[in-house]
């Protein structure tokens, strides 16, 4: 029942000067199915649009082709005009006879012929268009934030403050992440905990935030607006509701010699412990690996002494199932471990430490209460060597990228050392100084010029111990590679920031992609930096790439605003130009063979498996199904489907076929 | 005798090459009129069958173009397409089909000039190769016809 | 016009196109060559090959009555390549028709008999041809009863004609829709055709039964008819096997040794009982 | 007659038939399987697939270099399925096709039992794709091309290093023009399991069904593309073709190209490893300008 | 015996040249493809005709082409014009057939000319002269003598040549058309020598009693297990139908662009699953055993019965003249799973219901 209208626009002289628009209209009128064909000076003008609307109504058009400018320009205009006249907007197509024709060719028959050909192609296409409606997907207005570092905290607070519910999941007993471990922050030297802990408390008290600490994501299914998350709430062995945080247990626990992760191994903690005094929640956890009761069945001191009777040795992990509409992944980063630097003796010499350990030394709440004392003997080091780019930008180590934060924190470290040990010498080995950022370069200069840090451009080849000193051997590349040897009391490695070890597994649970360094991939490096390829899953912080606090916070707020944007509607409205698997009469049900090659090419994980069953529930066959919530309409699946069981609205097989045949 | 005007069908992705060709237009760069563009969402959507159909519709040459690697609007469509084309191209070559008549190109939305260049060089190349009679002679061959018109 | 080439269709112009139900359309077709139109004759039950040039041919019965000459009508459901292309045609468009093919309902032999028509869904067209044939020669027949059912009210075809038949005193019409398929203002029955038939309890005395419908309806209706005393030889139906040529060459439609295109499409239940289940 | 070139002598390549028969007998006796699918001598010096259901049938089982037909096709045939669980006398190409089918969800774990001979003449009883993948490389004849199927050496237009594109075109044009579209190649192919082949779908009719030059070319190109990265090179297609078109050469060529270019080989793992559904950022693109 | 001549083997090229000069299209078996199996194609310049091996595919395409235009039309806006109402076929010589092939053409003709006569086949046959060669050798797949034919059978041929010695063919002029061809080749044909043609003919034993097949088939129809067993190995590949000289199931397909197009008649086969598939998804012949049964029944039951009906009472029941089979054995030779037809027909003849 095709009744197609063709509307050829002159665009003033833009098209009319090189294309004989009247002739194009005339030629188009003889295409089978075309019942109306006119040309007009300006189709996009009000009278032009009225022309279309009236023809749609009077001629009962079932499709419209507007031959004018690029569809990227005016497709919405003409589609709206058609919709206003009662024709489904997806039954309107544009033939691009301006950008692709009149503007790029000289006036002549061939240019007119080309315009007519383009119209014919689109007429054949529009005959095969289907009326479509935007896809409506309900939205569960709860966000799942994974990771309780500064990025996760910021994202949670922003979303919660916008009035939406948040589930914040943190794998450790407390939120705070790496930022809680830091001493002071560049370039202002604010105390890290002073600016962070109020945020942590806000999270705990926020009515819209449910904090699940000591918990991990088990699995995530579903799609944007409609995810189902399974979360493992690990057993604290302490009833959080009863515990008052009085700390009797942690004081009395006899098992005291456990390296504290929070203190980067430089301090000790008990088996029942709160990672740090400002922890949120401030409720202890029993570390069953080290707890005497769990190892020997005896002890139970904590249980006996707890005034609130909150210790629960029998407590088991719990699995929570939660419906969420969006996910913010803010799982952070890690630093490379000890065996990464045999040449530097990291892990071998106690006084070769990494930046995070130095942060704990410099922190007022750290094991040395903020005094810079070296781990081996607690002496105040006279000479400290700071190594920037320890692992970063090092192809041999397999880390090609710049960890971005080290230049700044190394300057800060040198500065803090000089502030605390006025007589000490601070050497900094560096490759380049990357101090792009507000007040950043000034900060580095201050370290050099005011605080007297000695910057040496060069790489350190080896560190070894001689006569109680750490000999740092390197070369000063500014001085033509002159060898340099420094006898140091302590060496601080600005170790490379790497993806957290669980990143790969998590990415697979989330069905998001990641790069070769296991950092999560953003949907577009420039234009969609906080989105992932999986609609409804967003990124914040250093899980995407190494970044500093302001950047992490900014990205977290960006992700939060994406979530809020998503939650601002009850229904998600999506372009309906998506793929679908055909369904046919039994006994075949679909021409889909169930080979699932489509599944393997889909960048959005939009292909699901659907088992067709008899009325009695007996499985007949398993075929593919496209999740309309996830499909973005790229059509890669259509091209790999051998039997063309899958098709893409707007660019369907019959449309593209007809378009080519129209040129025969 | 007038110059041979090749018929060229182009399959382009919506996000890069189509937009790039729009830019050629807005920049008013001129190029050969012989090309007819068919818009697809992504090079990943460009089925090898479309290229065959273009030839059986009498095309002397085909252009297939989309986003540069790394720029795909859908992240990976062009990578899949690149593999598919590599295999398809090998196959065509093995069967003796003139692969020089299929031009694969990456043209970004910013490369208006490159689009003009791709079209112009393709038209020039195909002109040099001449009409694809070898293939077009297959059309209609193998059908016994006995009507007298 | 060359009668030599059996594949050469008549060119027909669509005079009227009616949307009967979702996906179902009726065309009234006029012969482009008026001379052909004048000479064209067919009988109730016959079918033809309808074609869209460039897409191919599709088989359906001639749904209009042989008593009405000068045009033919067809009703089809949009399912495959050809019917989709047919559905895309409009009034004034040209299509191809060749036929008539196949055997006929022996309407001439039924003089003085009562006729009971039982149809379901899209299978009314072959019976509609006989119904109008009988109504146009009303005096030749006794009672004319029609039981017609569809899945829902929307799925009923020939809605205007159903109305017309319903108003006539000389036709007993019962329309029914499957449970759940009724609309608030539906005045007909609700229930499956076999049940409606059983309730109606028509007499088999001197009556010919004509049954067309989906296989499941036929399967359940035949026992009811038998119970009501209809002889297998007086019960007629049509088969709709896939076919291409329409005249016994292409090899598709045979049911055992019977070629539906030549020996059918009209069969009595008596014949069907001797045929293998290849339909 | 027709088979003289395509089929060779029928020389026995398997000497341990008795061991195979013995194991097959045990499986039948134990009721583990109800049918043994293998090969038997057929009429006029041909071999044929053979369905042994009684122990006494087993004497007829043979295995030699004429046994090119890929028995995997029977695992999808309803009438064969109706016989019960099957044990299949397996050649390496058959096992590769089972692996590829498993990767594409078309062979379910322990759907059948495969009896293969290792190089020591021991009978291996395989039923899971993992088992097959584990032993495949060590089976005799698992590498290299079967002698029976046409090889490119006999076709000058295709010989390695031939740069004469037009000669290749002329060669294939002539070959494909003999195609009568009986689809025996498809029917004999274990990977052509699609219920509705592309050529059978007509909205749109991508590939003309008529056996004319362009239709045949498009059909064979399409089939080759559909098998690219999936074909296990069993050669059953060429063997089945009544027109003697060396179809396997096309598939083999693409398989080789894919292996060179992407290091992927069909039917070597039960995990989907399809060259056209994965990619690498560093895939060569010298042809993209 | 009919009128005879003698033709030297070495005169064959001259004869073909003369015929070509006369405007005849010559279709003959010539080696094709890597295997060199002969194939019926237009005679090419090298003129290497292979009369020794049997072609893989029968010469039925001479009368019933693989793809044939049966309608041509032009579209002009809304108008449709049917083009071409006269069928004219170039004079053709089908050269190098076997007697079974020629007999097959006769049967094909009767299938197409009964009921609605087919103008294309009629015109093709009228323009075609069939030159067959009697068989001096046969293989175990041949069974012409079991279905009413024979190695020296003249049915369907216009000329039948028999190699009576190393240098000569005995030429039997079977029809006036054959005579015309002999006249075209005047000067090459010599008066026939005394010869005993039957001496050189191949011995083709009768493989099974056809009468039993014909009488037992109708009752076997419903014995599903029988057909399942017969077709257990069948792949449904349709090779048998496509190589067969008589199988003539076809498909009609339109091919067109926006301006003009054709309706094509293409070979098809009852062995294909989709052959009878309804648009609804229902398939009257849903499994391969039913399709195999259809093939056998069509050839050995439906065709003879319909033929009898069409021609009135004669010829009698059990007559082989209307069978859909000439015993060429091609189906057995090309079947990829060696479903030997002789074996299967023997099983039918021996079946005990």
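As written, the chain order gives the labels A, B, C, D and E, with residue 1 at the start of each chain.
We adopt the following convention: a contact is a pair of C-beta atoms (placed from the backbone, for glycine too) under 8 Å apart; a residue touches a chain by one contact, two chains touch by 3 or more.
Given the structure is predicted, the values throughout are model-derived calculations rather than measurements.
The chains that touch subunit D as well as subunit E are A, B, C.
Judged by touch alone, the chains other than subunit D, held in their current positions, stay linked as one piece. Path length between subunit B and subunit D in the chain contact graph, taken as the least number of steps between touching chains: 1. When the C-beta contacts at A-D and at B-E are tallied, the pair with the greater total is A-D. Comparing the centres of all chains, each the average of its CA atoms, the largest separation from subunit E belongs to A.
The chain with its Cα centre farthest from the Cα centre of subunit C is A.
Note on chain placement: the centre of subunit C and the centre of subunit E lie 39 Å apart, centres being C-alpha means.
Mean C-alpha position of subunit A lies 69 Å from that of subunit E. Separation between the centroids of subunit A and subunit B, computed from CA atoms only, is 36 Å. Centroids of subunit B and subunit C (each the mean of its C-alpha atoms) stand 50 Å apart. Shown for subunit B are the residues in touch with two or more other chains, namely 48, 53, 56-57, 70, 76, 80, 84, 142-143.
Within subunit A, contacts with two or more other chains are made by residues 588, 601, 640, 653, 657, 661, 664.
Those residues of subunit E in touch with two or more other chains are numbered 66-67, 75, 78, 85-87, 120, 251, 253, 255, 257, 264, 280, 282. Chain pairs that touch, as defined above: A-B, A-C, A-D, A-E, B-D, B-E, C-D, C-E, D-E. Those residues of subunit B lying in contact with subunit D across their complex are 48-49, 52-53, 56, 69-70, 76, 79-80, 82-99, 103-106, 118, 134, 138-143.
Residue ranges of subunit B in contact with subunit E, taken from their complex: 57, 142-149. Considering their complex, residues 70-71, 73, 75, 78-80, 82, 85-87, 111-112, 115-120, 221-222, 248-257, 261, 263, 265, 268, 270, 275-280, 282, 284-285, 290, 294, 297-298, 301-302, 305-306 of subunit E touch subunit C.
If you check the complex, the residues on subunit D that touch subunit E are 1-6, 42-44, 46-51, 69, 73-74, 77-80, 150, 154-155, 174-175, 178, 180-184, 186-188, 196, 200, 208-212, 215, 236, 239-240, 242-246. Residues 65-69, 72, 83-89, 120, 123-124, 257, 262, 264 of subunit E touch subunit B in their complex.
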